[in-house]
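Single-structure report; data block below.
So that you can tell them apart, the chains are marked A, B, C and D in the order they are listed, and the count of residues begins at 1 in each.
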Amino acid sequence: MDKPKEECGIFGIYGISEAANYVYLGLNFLQHRGQESCGIVSTEGISLYKQVGVGKISEFLDDEKLNYLKGYRAIGHVRYSTTGSPTLVNAQPITGSTSKGAVAIAHNGNITNANLIRNELIKQGKVFHSTSDSEVVIHLISESPCEDLVEGVKWALSRLEGSFALLIMTKDTLIAARDPMGFRPLSMGKVGDTIGDIGGTIAFSSEDSAFSIIEAKKLREVEPNEMIIVTESGITTDQILPIKPKTNQCVFELIYFAKPSSNLFHTSVYEYRLEIGRKLARAHPVDADYIVPVPDSGMVSAIGYSMESGIPLGLGLIRSHFIGRTFIEPSQKIRDFGVKMKFIPVPELITGKRIILIDDSVVRGTTSKKIVKLIRNYLPTEVHMRVASPPVRFPCFYGIDFSTYEELLANKHHTMNEIAAFIGVETIGYLDTDLLFTENDSASMGDFCAACFDGKYPSPLNQFSKDGFEQEIKQKYFGNRRGS
Amino acid sequence: MDKPKEECGIFGIYGISEAANYVYLGLNFLQHRGQESCGIVSTEGISLYKQVGVGKISEFLDDEKLNYLKGYRAIGHVRYSTTGSPTLVNAQPITGSTSKGAVAIAHNGNITNANLIRNELIKQGKVFHSTSDSEVVIHLISESPCEDLVEGVKWALSRLEGSFALLIMTKDTLIAARDPMGFRPLSMGKVGDTIGDIGGTIAFSSEDSAFSIIEAKKLREVEPNEMIIVTESGITTDQILPIKPKTNQCVFELIYFAKPSSNLFHTSVYEYRLEIGRKLARAHPVDADYIVPVPDSGMVSAIGYSMESGIPLGLGLIRSHFIGRTFIEPSQKIRDFGVKMKFIPVPELITGKRIILIDDSVVRGTTSKKIVKLIRNYLPTEVHMRVASPPVRFPCFYGIDFSTYEELLANKHHTMNEIAAFIGVETIGYLDTDLLFTENDSASMGDFCAACFDGKYPSPLNQFSKDGFEQEIKQKYFGNRRGS
Amino acid sequence: MDKPKEECGIFGIYGISEAANYVYLGLNFLQHRGQESCGIVSTEGISLYKQVGVGKISEFLDDEKLNYLKGYRAIGHVRYSTTGSPTLVNAQPITGSTSKGAVAIAHNGNITNANLIRNELIKQGKVFHSTSDSEVVIHLISESPCEDLVEGVKWALSRLEGSFALLIMTKDTLIAARDPMGFRPLSMGKVGDTIGDIGGTIAFSSEDSAFSIIEAKKLREVEPNEMIIVTESGITTDQILPIKPKTNQCVFELIYFAKPSSNLFHTSVYEYRLEIGRKLARAHPVDADYIVPVPDSGMVSAIGYSMESGIPLGLGLIRSHFIGRTFIEPSQKIRDFGVKMKFIPVPELITGKRIILIDDSVVRGTTSKKIVKLIRNYLPTEVHMRVASPPVRFPCFYGIDFSTYEELLANKHHTMNEIAAFIGVETIGYLDTDLLFTENDSASMGDFCAACFDGKYPSPLNQFSKDGFEQEIKQKYFGNRRGS
Amino acid sequence: MDKPKEECGIFGIYGISEAANYVYLGLNFLQHRGQESCGIVSTEGISLYKQVGVGKISEFLDDEKLNYLKGYRAIGHVRYSTTGSPTLVNAQPITGSTSKGAVAIAHNGNITNANLIRNELIKQGKVFHSTSDSEVVIHLISESPCEDLVEGVKWALSRLEGSFALLIMTKDTLIAARDPMGFRPLSMGKVGDTIGDIGGTIAFSSEDSAFSIIEAKKLREVEPNEMIIVTESGITTDQILPIKPKTNQCVFELIYFAKPSSNLFHTSVYEYRLEIGRKLARAHPVDADYIVPVPDSGMVSAIGYSMESGIPLGLGLIRSHFIGRTFIEPSQKIRDFGVKMKFIPVPELITGKRIILIDDSVVRGTTSKKIVKLIRNYLPTEVHMRVASPPVRFPCFYGIDFSTYEELLANKHHTMNEIAAFIGVETIGYLDTDLLFTENDSASMGDFCAACFDGKYPSPLNQFSKDGFEQEIKQKYFGNRRGS
């Protein structure tokens, strides 16, 4: 599938020797949230030690770099670079010497008023070293009139709009925070048995599943609008804004980003996807021989669809896992090379069969089209597509880099028949938006942002209107869409 | 799981520009058959060009090396080095200037009389450059009294005992061969539409699924005892031995080695494993909440077990795919580190549930034990294990490097109760040997070797008895087993 | 020799396609001035493109990175990291978005009031991303009340104390500057024939010899206190301070740092070293069979000594040039391994001979001691040492990282006899400070800083006394020296 | 200069722990004799351990590879690949299992009857794995009817024609040998003080200077026709042919290949080159301001020329040592890029001066032409060239890969005036062949091969005439030369 790109995964740990080694293991688990740059900052209580680089954490970090990262506290970051350039400028964690001392920051999300703040501070003579929206956070912390670090961080975060899950580390303090609306996930865990004890080791992760690797137990989620402050004196908690706004957690985390083993926004990703599959089967039934998931993202929903429909699950596409960075293609091009290198069909489950292809979401539709073409080579009698989410119709301002408005399949092809024809399937069925959460579900729609599906942005778009910024946003997200 | 090691995968192509590039893509698919060394030899009809190296093919081969591999014919090889050393000595394809011209050979299998032949030839003054059993093939071809290459190859292959799927290439000829008993698989495919036409491009692969990647279609399998000779004049076929012995295809290819998308020994791997899962459910039923496969090898059998038993499939272990070569572990060791880095539990499917864990096979049992321990951390009420093959009780002489006899779990722990206790499960159930093939199956036991399960070796062990070699074999395969 | 470490070499070019490629070639020549980190920033008039890394420029920059560095203007930097850590934090050029737009800076030298400025700015809420003294420059430029870039740079540079040769680049302007006292060298050259023409290509380099590689001609040196501003409108020049102070060029550039092919401070390095050799022969004559230079730094002075004394030059130590980064030594250590890997004796010029060993300078003396020991293995009858500079007795505050005060040989061993005994030679002779420049020389002592030899610092040491900084400096530069 | 290519350098050691580490250090010194592939084989008395690779030894061998090379005996090899391909096929040492056990061989030289032997053996059914002439040695050893290893080696070596310095190692024996005419050098040294003692450590090296690095002392040279056999019982010596032919040591080793610190063929390379410089000054005097050597190869002769003529030495070309493997050149090519990256002119020694350029030899003349062009940019008044060897007029069959006959400058341009015009100098002077050795020299012409200068090949060319091989040789070495 042509997947949207999320900005990052973050992981931190406080109070364990070789802290950077644990962060490295945690980041390795979070690698699906960003594979283009990565980094770790550690401290032994005196200095901050930093290593950032391009590529995956397991490729970048070697023994020598890990040994350099001294200390018993560390935070780390994995990132999708959306520019495609091999430069390190925007790799995280970012660090700086500030009026509150040396500070390191790892950020997942998108600060929508970053450019406004950035331009204002630059006009005042401040110097910015990157184009990352995250750099405004460290400047605001330094700018803050409060002398105390925690108060300064609170002052800074209260000025931010948009989404952020943050880990902020100084030589003696680790602060974890989620934006007031709670767009991005962040969980807190504990290594060792003495939960609640000051002497324990506290860990934070974008997804709680990463705790399994380092033998940590999940304590709870960092809540929207919450700051958790870890020091040698213990753990305290605070609120960013005095009045917490309505929660707007990103439903796309449940649909696609997070690993099925994770539990976030107080919801099991596995169970959510399984239930979506069941709802999809009820909403868009069709007779067939096999339910074929697009691996790996459509797998759990396919099991749900199979259970509900009684049609057997058939792994008709096997994913090839030994893929390197890029493949060298012969000059005489192979059609749909990337899809062929990734998905291997199982002829016995396709030839002469009616199949229902299940994927978690469709954004541009070009990969779905190629997959269907690959399957058609093996002569199925019918191919139906069922998508375990509604059509993506609107850009995201809170940390997901979808394609531009014009490229979104559901905008270009308005009817389901047109979309089915484009992809090359007999029928297509999406989940209705009102089925994302139904009354039996543990979570409820009211706590989630589904703006990419329904266009109901949690904050008015005119927040981007100051200072000519609106044009920039419109250009970036909506392209040349007429009449917009 | 603690998996056995197979020697190799082989791939060849004849009659396409940038032939080496296609072999590289084919080998990439076959990478699961060996990841420690790899190589390609190509020819443009004048010289042979060779590149061999350590590691995976996508890591080893870059543009520069690929450009060096000129020509429209090429063969390649991926290999498990069982020595663990980083040396290249035994990497394949092996090449040599012989009395029949320059020859390249890629070999999957194990030639059981290699040492006898090797020692004899060395005594005569021949020079061997590796310790590989495959090198005797090239020497026998050069030794052959026949002037003609094809006759020489036939003469050489008829002297070999044991297992071999071979690709043999000179500057103008490509020969594919399977040993008379047909232990190892080899398929023939064709690129382009003009099947049977001399002008077409012929490909060979250990598994036919690799053809999908290069847009080739499978023609048929190379049959046991068959040599297929491809030259510019077309394709001919010949028999190695005048009288073909009983076929003895390796059942472990179906059980574990091959990708589920492959069809080999005229059998769909996917369907075979699905059916095994059904048989297992009938043979060893137990009540439970979820059928949990050990990913990825237990997946298809788990679907079969779930279908037959009606117990829902639950992907309780998620495989982490972003694993690098090795991970740097903290000095304070993490228990069962390797298993924790590879398998992430889904607590919702485990905690308070009765689960049936499905794996394709158990060799030493140590990995199964660790997986169960990991699962137990999440407090299931019951864990049952079902294994989609019989207990491995005997060493293999035909190309699979199991652990030594003494390490085989089914030899150390004789009763099922003992084995269940060792692994840490409530009950364990293996497939009975006589269920490997039953009357409704398309294939029949008579065509397969299952010596690792039943000890019925297709050739008498005394073939190893000449020249003191028996001791060596016994030592290697049976260790210090008393009374043997 | 145990050499002092200089901070950097810088190179820039304006007005040529593939500008970064030329900077890469220029930096390669300047590599002797710093080999631990390197970087280039380029611009095509719209954005700044940046690549910085560890190691030598020819190891770090590959085709992909070079292609990323678009545009026809670029500046670059090579650096000695004095921390020994593999981190990139202080690699240059440094870049930032400022109130004057995006700015890149490459700096050679040491800004002595950097910490004062840095602490002041941080207190005001500014954020610093490195510990480099160079980062204050970019902050001051952004801070400057002047709207105009050139005025802003002038305002910033006039606030700096210490030494700097600087290249400052924005998307449309390149500024080259030397500090008012002119400690560090910087030359201007021109590619192509149309000198003075606006359409021409202007280059800047720490050493003019680098121009040879890119087919540029030297125009002149950037003068102390001068700023040269290159834009599309042409070249203009300005003064940093309204009244230029006395010039204080670093004599160590002539003695050791610069390549003998360079001409800097209006002085030919080759001729300067040759003349020093002659003076040394007159001041410290001794009879001998051969003048043996320590390669390569003692070579030119040795020729001068040989000419003046009439004693033949003998290359008794051959330098091994195929040295990698570090050598793997056997566990049973080889005595003076590093010296043995670097210098190969020529027995015919040593055994039974009286030799005069010539080196450019002696700092700690430990390497000289090892070289003499190596020579003594070949049984010379006498070894005399002549040093083509005065004893190094004082730390440098202007960009050279000598050892700490206590380690300087000339401080630990006060008499020449003591020093000769330490090194293991019959006699030793240094150049007298008043011979550094004599009346026949083209340059005169009045224009140079020789504080490392005579302790006459061009600016009062109490400039370091504010804000407790004096202690830090004393600790760093003078160690635990009692009574200082 | 456009230098000829020599095949190899070899180094071996017997009787020291971490033997491979010493060989690695020795090979590093010998790196000037070949930089394109390298390798080491070691033994602990049981197995042979092998590592071969492309590039320099210090780039190829890391800790892991070195640790693999167990044992207290090892031999190694550095090699110029003349094919330019990145393949490893011909990398040495070569190894094989033979009728005398496992054998490793490192070879410097060129066996002129290798193809005859190779073709004969292949016809008999032997298999060759490389195209290297060295592989025949291992085959002949295995072929030998003698049971004893030493007798077998002797039998094999006596069948070889051409040049060889060889190190042959089995698990318990190290044999060093030089061909009967002694073309290539080989020295024996000893680590530790107990010379002659069985317990000592014996080393062999192409050049004795390498002993300095590992703290070994030279014992003596291996003599032409000699085999030295080292075992645990001690050192013995033997003769290859019963009657030693006339010695024909390669004079080009003294002129160019060997490091000036080496002593080989009982001659000091430094003193030989110094004396050549003196002879050249007497034979071809001319008035000038500076003697400018082409670094580094013309350096010692230039000192000799300067001493004899009284004209001062001036290092007018500085060699840039920080050169990487290859440089990335801008698309708009820099004229004579390679020469400009390597040699930096010193303007003060060139502009307005008359200079005499000294190089050790001229083969094709194209590099000399470029160097003169570079110098002319700096406007000397006169440039004279003096070459410290006679014109190269004939190909070499004994291990030096000169250009083809037609490319040799001295064949294309017959008169000195024509050659001077081609190179671009006022006058040129070569050494006369009869001055290579004169009566005062310690060595005498009678013991040397100077066939590349005088065409007097030590063995009749018709040795190449059997089996159609003559045509091949003529084609290879003489090209399309008419009338030959």
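Quick note on the criterion: contacts are C-beta pairs under 8 Å (C-beta built on N, C-alpha and C of every residue); 3 or more make two chains touch, one makes a residue touch a chain.
Everything numeric in this text was worked out from a predicted model, so none of it was measured.
Trainee: Can you name the chain that lies farthest from subunit B, using the mean of each chain's Cα atoms as its centre?
Mentor: In terms of C-alpha centroids, the chain at the greatest distance from subunit B is C.
Trainee: State, to the nearest whole Å, the distance from the C-alpha centre of subunit C to the C-alpha centre of subunit D.
Mentor: 38
Trainee: Per the centroid of Cα atoms for each chain, what is the distance between subunit A and subunit C, given in Å?
Mentor: The separation of the two C-alpha centroids amounts to 48 Å.
Trainee: Distance-wise, how many Å sit between the C-alpha centres of subunit B and subunit C, to the nearest whole number?
Mentor: Result: the chain centres lie 61 Å from each other.
Trainee: Would you give the residues of subunit B that are in contact with at least 2 other chains, written as numbers and ranges?
Mentor: Not one residue in subunit B touches at least two other chains.
Trainee: Could you list each pair of chains that touch one another?
Mentor: A-B, A-C, B-D, C-D
Trainee: Residues of subunit B touching subunit A in their complex?
Mentor: Subunit B residues touching subunit A: 17-18, 21-22, 24-25, 28-29, 31-32, 35, 56, 58-59, 61-63, 66, 209, 212-215, 259-261, 263, 268, 270-271, 299-300, 303, 307, 312-313, 315, 318, 320-325, 327-332, 334-335, 340-341, 344-349.
Trainee: Which residues of subunit B touch subunit D in their complex?
Mentor: Interface residues on subunit B, with respect to subunit D: 49-52, 64-65, 68, 85-89, 94-99, 118, 122-129, 131, 138-139, 142-144.
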